[in-house]
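Labels for the chains are A, B, C and D, by order of writing; each one numbers its residues from 1.
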């Protein structure tokens, strides 16, 4: 069974081979479902010149934002950024390249990258700054632009559970970009809350088959909440 | 008198139908969920991967793994489903969402919308807005009719970078409910107590005014 | 809750609105996971001139093959056909138009149709008869062809379980093309083995969200096996 | 002597590596599963949506909902996963499968393959074969070196309609193991007891013969 056992036991091993100027695709939406410890390992390694592909760039002291102070990120491809001051400073100073990509297009680019689809047409962004330099074409009287797929040298992913073969299950909206990122990395590294024995996961209920996963590590997670919104316990009773 | 944020949301809610799958943007659109008519069921789609968004959680039920597109903690309604971001935007881009409600900086008489970027100011990104306006057939834009300084937001041509081209057909402002058709704004309803003259004054794009312009009913 | 209750109680109601010359997308692979009773209803209705999009066309007396004797199918878009004599006869006689489409391209065309992607590039079929009349283009030095998406007036789908809102769960390899077909129909009709109450399905484990489903009916299924292959019980013991 | 079907499968199995995800076509390729070396684990991908295909079921465990791409009833191996056809071909097209083994009518010195259609005969379709040859980096084609009438299947140019263009690098026939490179066939190994002269005679395309051509080892 050794051949399919993807488990590694240290974060150093998990991110081995990551080098300066590589492209890293990260799962997560805001701070939800982000590979916290894999990001910390990138910070610890001090890798520079990274191109990051991720829907967001974390906050000042959590998520991908922690890679900003040491200028580890050269470029970020994201749909929504700027929840932190250092990001803003670097972007305004021209130290950080930002390629804004519509959220759905970004998701589809990752999926396409993993699926061997080099490019696809989408109506999203037609007639907007996103369309600049891209081919435009009509199908059935509607306007579309051509978008190319994305792959990364590494993909870093957070899942909930996995078996040792790397079959993954995600939990609630922490799924988001993670299954897509998982398909699009030359080396896909996944951290999970729990590793179970092979055979424990229902084959019908696996979100990401292990074929996409190269390395797997069990971690502990802070799971910081970005917008903590609650209602009083009493009013919720009638829900 | 100009509608309050709540009244805008309330008027939008009248456009809901039983069984609608709805995506509500951040801000006023979010408030629409508070005015869903009794005996009517709608399901809220949150583009980060949730169909069937419920209320905010309590302190006891809060879950870091369960947020909406505004990154707020939420709950799931009965019959909810979870999916990845590609599937979520397949739903949106494929036209499966029945109604999308979102805000804007400007809308023009050709159905163009500008909502994500003010040059010279910090650019935070379009998030899912470009996908939403490109994918939905049925969109209602909510915004104030004009800026605080009286500058119209209903223009003959948008001045800001576009979020989408030719995709907006209905706009609900604090003053009026307007349809966009044939390169013109068509005044459908006015806010209670707001005169047609006032709406004309604050609409820069060409405005078609029917003989009778009913007041909105609440 | 009426608004989201997709359940209908007769097959007549399930296929109401189907007319001559429409396009129907069907789930299933071989005879596995096919919407048996919805196909029977199409036969019963006597609808003609149909364009069928399905990986296969059933066998002589089961699956989509039962639509052949009365010449209900004008054209079929499929990856593998001809498991039955009447199909062969009609095709050879030019009575039935067959558009052969690679299996993966067919799956992706359905997915794209449902996802609002009008066209995508794929390496599949480049330099083959499938590429005839299609645009060719290189990306990163590799050759690709442009394939357009498929949508149907109706999609007919077989799932295992559903709740009344049309949230679907498939079982084993009966999943195949079904989730893709479900997204690509203007009207998507699903038949299932069991309808459960809303709330019984785990939101994390729904394969097809109800938003894609218009009508839902509970049926009973023959589930015929095309290639019954078994090993003696004794040799399997050591598995 | 020419290899038997089983021997062809056995030789292909030597190319397996521990931890390989493998797609085996119908016919001889299917037999490869019987020769996976001990202490080595491979997972079989079946393009109808199963990773981790197991043995055939017994009469007691047969399940109409669980078949392989040849429509045969199968079982699932431990650690198997199920997915839809788009995901299955995302895996294949995206190059995630480590080895694909499939049959062919003809292969040529430019790596072209013809395997699905003989004009004038009934055309049943390409199934997943075009996706498999286009998507995989590592393909082994298995076939007899020549027809019963001695007509070579290793050609300078395929005569039948292609399944894929320039995608085949290795061919294992009943006579030889051959690599395709720079528009030529390169003889790597010969079947035990088969002479180089015999292989030359039955290879129509340009064949590069090294000084030493080892016999296959079993």
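FYI, contacts are C-beta pairs under 8 Å (C-beta built on N, C-alpha and C of every residue); 3 or more make two chains touch, one makes a residue touch a chain.
Not measured: the values here are computed from a predicted model.
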- Query: Starting at subunit A, what is the smallest number of hops through touching chains needed to reach subunit D?
  - Reply: 1
- Item | Any chain that touches subunit D and subunit C | A
- Looking only at C-beta pairs in contact, point me to the busier pair out of B-C and A-B. A-B
- Task: Using mean Cα positions as chain centres, tell me which chain lies farthest from subunit D.
- Result: B
- For subunit B paired with subunit C, centre-to-centre distance based on mean C-alpha positions, whole Å: 36
- Item | Length of the line joining the C-alpha centres of subunit A and subunit B, rounded to whole Å | 28
- Query: Roughly how many whole angstrom separate the Cα centroids of subunit B and subunit D?
  - Reply: 55
- Message: What's the distance between the Cα centroids of subunit A and subunit C, rounded to whole Å?
- Response: 32
- Could you tell me which residues belong to subunit C and also touch two or more other chains? 108, 111, 115-117, 122-123, 170-172, 175, 203-204
- Note on the structure: Residues of subunit D that touch at least two other chains are 76, 82-83, 89, 92-93, 135
- Message: How are the chains arranged in terms of who touches whom: line, ring, star, complete or other?
- Response: other
- Message: Under the stated touch criterion, can you name all the chain pairs that qualify?
- Response: A-B, A-C, A-D, B-C, C-D
- Item | Complex contacts: residues of subunit C adjacent to subunit B | 1-4, 111, 113-117, 163, 165, 167, 183, 198-199, 203-204, 206, 209-212
- Query: What part of subunit D is in contact with subunit A in the complex they form?
  - Reply: 17-21, 40-43, 45, 51-52, 76, 78-83, 87, 89-97, 135
- subunit C to subunit D touching residues, read off their complex: 29-33, 55, 78-82, 88, 91-92, 98, 100, 102-108, 110-111, 122-130, 143, 160, 170-180, 207, 223-233, 236, 239
- Task: Report the residues of subunit C in contact with subunit A in the complex, numbered from low to high.
- Result: 108, 112, 115-123, 139-140, 142, 144, 148, 169-172, 175, 203-205
- Along subunit D, where are the residues that touch subunit C in the complex? 46-50, 54-68, 70-76, 82-86, 88-89, 92-93, 112, 117, 122-131, 134-135, 161-166
